[in-house]
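Below are structures written as structure tokens.
You will see subunit A twice below: alongside subunit B first, and alongside subunit C after that.
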Partner chain A sequence: MKSGARLGLILLLTPLLLWLVLLILIPHVDMFLVSLRERVGVGEYQVSLANYLTFFQEPLYLWTFLRTAVMSIMATLITLLIAFPVSYFIAKIARGRSRSALFLLCLVPFWVSELVRTFGWMILLRETGIISNLLQWAGLVSGPVEMLYNDAAIMVGLVYTSMLFMVVPLVTTLESLPDEVIEAGYDLGGTNTSVMREIVIPHAAPGIVSGSIVVFMLSLGNYLTPTMLGGKDSLWFTELIYSQFIVRFNWELGAAFGFMLLLLSSLIVWGMLRLTGQTLERTMG
Partner chain B sequence: MIPSIPQPRALRAAYVAYVAAFFIFLALPLVVVAAFAFNDSQFPSLPWEGFTWGWFIGSERPMIGAFHERGILRAIGTSAFVAVGVSLLAVAVGLSNAFLFNRYRFRGQGILYIFMLLPLVVPGIVLGISILVFSSRVANGLWDMAQWDVVALRPGLTLVILGQFSFIATIATLVIAARLQKFDRSLEEAAMNLGAGRLVAVRTVTLPYLTPALIGAFVVAFLMSFENFNTTLMLVGSDAPLTIAMFDRLKEGSTPLLNAVSLLLMLGSSLLALVMIAFQRK
Partner chain C sequence: MKTQFLMTTTALVVTFGAVAQADTLRLLTWGGYAPEEVVAKFEEQTGHTVEVTKSNNEEMIAKLRATGGGGFDLAQPSQDRIAGPQAEFGIYKPMDLSKIDADLFIPSMLEATKGNTTVGGDVYGVPHIWGTSGLVVDTAQAASVKDYTDLCNDDVAGKVSYRLKRPTLIGFAFAMGEDPFAAYGDPAKYEEVMAKVEEALIACKANVKTYWGGGDELMGLVRSGEVVASMAWDTGGWKLNEDNPDVTFLAPASGALGWVDTFALPAKGKADDVAYEWINFVMQPEVAAMITAAAGNFTASKGADEFASDELKARYQASFPPEAIDNIKWYPPVPAGLEVIEGGVLDRVKAAN
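For the complex of A and B:
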């Protein structure tokens, strides 16, 4: 029996380890090693920090990196601000059938590919698009307005794309807050704001954290939305990685960029977990 | 704010209006994409030139519909092939992982569990390039050592499947593990008391119980694979899955053909989602 259990353990461990070691661990280590490589001749390499130096010395690279980080944080905050009242409505105000219907409606855009969603925003925002035509028809503007190809358009696209990943964890945590607790808050003399601040938001903290982590990650790593909705001046860091890898074939620099992106996202995720005393198992698992 | 505590009417009305505006915001891009699939024009934009089915069934230039466009049909086939591959792999590994974390206690389990969650917090494009770098190194190594060219390790569908699997496996594991957690193990013990062996008990009692989760995991994996863009972009070879093919066309400028394909995608994925919900109900 004992050896049977042992055999079972080994059989079940094998696929897990093959997956994690061959597809996650070794590739990332290898990417890091490649990023530490400097090409000194044809097929000749030496270990150096040259790629990271390039990253820190070239203003375009560093600037794009910081811009991507700041805009992803902004997108996360905006998504949270928009999603919270809606999630609260679904979890605490709506009842019965309408609650599940509203919740399901929130999921619908997720079932459609990101490409289609972005395409939708292009049709809405472009010069010949719906909103431009609507504004002209209403007489608010005299000629066509181009609302595509700028940072605001990217922001709209990012917030739209990540909305679901904020709403679902928020609704889940808010649903677990008993109505009686909120009523007790009012009975004890609380106002709308104080009940919100001292009861609802602390209770929803795990949902806020896990939603924010996912939204931040998705924004930071997004390629499609910035490429399609952004203009010439709104470069996204993933576009730099893509161009180093596929267009310029400079894998060493591209790997260094990839590692910087990984470092940034890990730091922010870790920081957010530490700050709120959550663990990865609790927020993701 | 809660229904049992009275609030000013104006506040309630403003709140409902806000939620309504939110759902309009959610629906708007999808509705426009769907609507312009029927515009009898070369561009998916105003003015409205009249209703047509041409972008679905048209077979002559300039209006070749989605059902007659070779490139799009092939890309759908490629995407479906990749998605089935990824889902089968992810469900198989997910099932194994669920049993491992639910039924066994071993040293390093906690760390392994956290490690298993990590693919979810790695940007998709980084997953893509790391697998690209590593597989190229292996392929080059094999070529240098034995003049052995392993096509599967060059950018192409095998790598796309592996790349998508690398993070979808986590999601499949979580879906299946969540259901296994709720399973009452005494049912399995009862089967064993009645003379079933361990494997027979798992096959006849536990697996049927897990079926809704297995189907759910399969559908979610299928949709995530079908939609995936970032990881695929870095690993794709000459056979482009649908998202990549549409992206390439969209960069060159769009015709309502793309709207028609998008509408078909929406219908397809809603259908799958409904199938899944129906199975979860059971």
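For the complex of A and C:
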């Protein structure tokens, strides 16, 4: 009987283990080995840390990473600020069909691919685009305005792209907060702010943290949105990795960049968890 | 009825795989180089199937490098991008020239390509399609643009575009009076030339609306009027000319940059014979003309020009007076490792403010 249960467990775990080992572990090990190679001549390589040194010695690469990280953190904060009231409304205020309808509205944009959504923003923001023409028609501006190809456009794109991933965990955690607890807060003389601060936000903390981690990672690893909306000034770290691999044939440096991205982003997430006094276990549990 | 018969035969042949008469040709090529009608005609004549994957130079090399030259049976990289990657990664196999009908090719172009794609005594490529890159200019609004460096003029500020890739570096170097091709063999000299180009491109950055990435993006920018002058391929300019007669392709004063896309056999290709069949098929003048009509570029097929449409010929002649043709700078083979120097320059230009 016991060995039967064990066999069952092994069988159940096999797909997961295969997935993890074949698709995540082995490629990463291989990538790590590539990142340790240095090209010394035509088709000749030797083991060295030269690629990692390049990352730290060329200010451009470090600067690009910092820029990407800071912009991603900002995108996460903005997404949280916009998504929290929306989620609160969906979870606590809306009732019945309007609630499902609202949730569906958040979901609908994600039925089309990211590429199409980004194109949508390009049509809106470009010089000959809808917003520019609308402003001119209303007489608010005298000539066409270019709103594309700058950091603000990237930010808009990132926030829009990650909204759903913040709303879903927030709605789930807020739904698990009984209405009676909030009512009790008001009965005991709490104001809107104090109820929000003392009851709702602490309860929603795991949702906030898990949503923030997902949004941060998605923004940091996003390639399409910064490249398309940022244009000549996009400068995103994933773009550097892509160009090392595809345009420069420099897989070694690209692999080292990939590992630095993995390492530094994990470090940032860990630091944020420590800073806010949250743990990964609480967030996931 | 006929298709049904064909399908049954195909099914039978597939079932008895040993017969191996009908193979699949996995073709790694550029958009427009294998139009549907040509593929259909080839499939009908030979019974083989063709799977087309559209790509570009860098992605082709990256894809083949990832598999050690597997996954495709025929690739179409530019002739200057064969020798370097072949020496470095060994992703192609030598061509058996006896299986290619040399009479179908323009002799000078065939010889030049063979010379440029020779590594260790073996030939790795034969020419297919050629064209140039230069300037696409809205002559009504950007009359001052005659050369690459004119894209940095004040009167077109904020209304120009180019690709942040190696053709731009090379083009600017020529326009600045340098000869980057002569410096190919000398990394120190090449770095010097590229440093000058880097300075110019950084100074020019404020003028640029955005760097375009794909042909469609450029078309959108020029059609909407947001960009009035750009570095581009000749066919892009001719296509835009159909919609707006003011916009056309211009061979820059310092010379258009000429490229030749080739046929090359990936090292682990499994259908070499079909690949040779395909090459000999598409190089026939009538078929080559069909490809010219789809891709907009001329081929290395001898006699195909006669089948080209008059409009295309007229556009070609307007863009290329005889002296401009003589002034075309053909890309010599890129030595391995040069991309790293260019990569650094491109990264720094992209990062500059």
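By definition in this document, the second predicted complex is superposed on the first by the 253 of 285 C-alpha atoms of A that agree within 3 Å, B and C clash if a C-alpha of one lies under 4 Å from a C-alpha of the other, contacts with A are read in each partner's own complex, and residues count from 1 in each chain.
By our rule, a residue touches a chain if its C-beta (ideal position, glycine included) is under 8 Å from a C-beta of that chain, and two chains touch if they have at least 3 such contacts.
Remember, it's a predicted structure, so these values are computed and weren't measured experimentally.
Q: When the two structures are superposed on subunit A, do subunit B and subunit C clash or fit side by side?
A: Aligned on subunit A, subunit C clashes with subunit B.
Q: Considering only the touch criterion stated at the top, classify A:126 as touching first (subunit B), second (subunit C), both, or neither.
A: In the superposition, A:126 touches subunit B and subunit C alike.
Q: After lining up the shared chain so the two structures overlap, which partner does A:114 touch, if you call subunit B first and subunit C second: first, second, both or neither?
A: first
Q: Should A:138 be classified as contacting the first partner (subunit B), the second (subunit C), both, or neither?
A: neither
Q: Of the two partner chains, subunit B (first) and subunit C (second), which one does A:43 touch, if any: first, second, both, or neither?
A: second
Q: Once chain A of both complexes is superposed, is A:275 in touch with subunit B (first), subunit C (second), both, or neither?
A: A:275 contacts neither subunit B nor subunit C.
Q: Considering only touches as defined above, state whether A:231 meets subunit B (first), subunit C (second), both or neither.
A: So A:231 only meets subunit C here.
Q: Using the touch definition from the top, say if A:186 reaches subunit B (first), subunit C (second), both or neither.
A: first
Q: Going by the contact rule set out at the top, does A:63 touch subunit B (first), subunit C (second), both, or neither?
A: The answer is second: A:63 touches subunit C but not subunit B.
Q: Quick one: name whichever of subunit B and subunit C touches more residues of subunit A.
A: On the superposition, B touches more of the residues of subunit A.
Q: May I ask you to decide whether A:250 touches subunit B, subunit C, both, or neither, giving the answer as first, second, both or neither?
A: second
Q: Which subunit A residues are contacted by subunit C in one complex and by subunit B in the other?
A: 126, 128, 245-246, 251
Q: Would you mind writing out the residues of subunit A in touch with subunit B in their complex?
A: Going through subunit A, the ones touching subunit B are 4-5, 8-9, 11-13, 15-16, 19-20, 23-24, 26-28, 30-31, 34, 82, 85-86, 88-89, 92-93, 95, 102, 105-109, 111-117, 119-124, 126, 128-130, 133, 160, 163, 179, 182-183, 186, 192, 195-196, 213-214, 217, 220-224, 228, 238, 241-242, 245-246, 251, 254-255, 258, 261-262, 265-266, 269, 280-281, 284-285.
Q: With touch defined as at the start, can you tell me which subunit B residues reach subunit A in the complex?
A: Per the stated touch rule, the residues are 1-5, 7, 15, 18-19, 22-23, 25-26, 28-30, 32-33, 36, 43-46, 92-93, 96-97, 99-100, 104, 106, 112-127, 129-135, 137, 162-163, 165-166, 169, 174, 198, 223, 226-227, 229-230, 233-234, 243, 246-247, 250, 254, 258-259, 262, 265-266, 269-270, 272-273.
Q: Contact residues on subunit A for subunit C in the complex?
A: Going through subunit A, the ones touching subunit C are 39, 42-43, 60, 63-64, 126-128, 146, 148-149, 227, 231-233, 235, 240, 243-251.
Q: Mind listing the subunit C positions that touch subunit A in their complex?
A: Residue positions touching the partner: 58-59, 61-62, 65, 85, 87-90, 158, 164-165, 205, 208-211, 213, 224-226, 336-337, 339-340, 342-343, 346-348, 350-351, 353.
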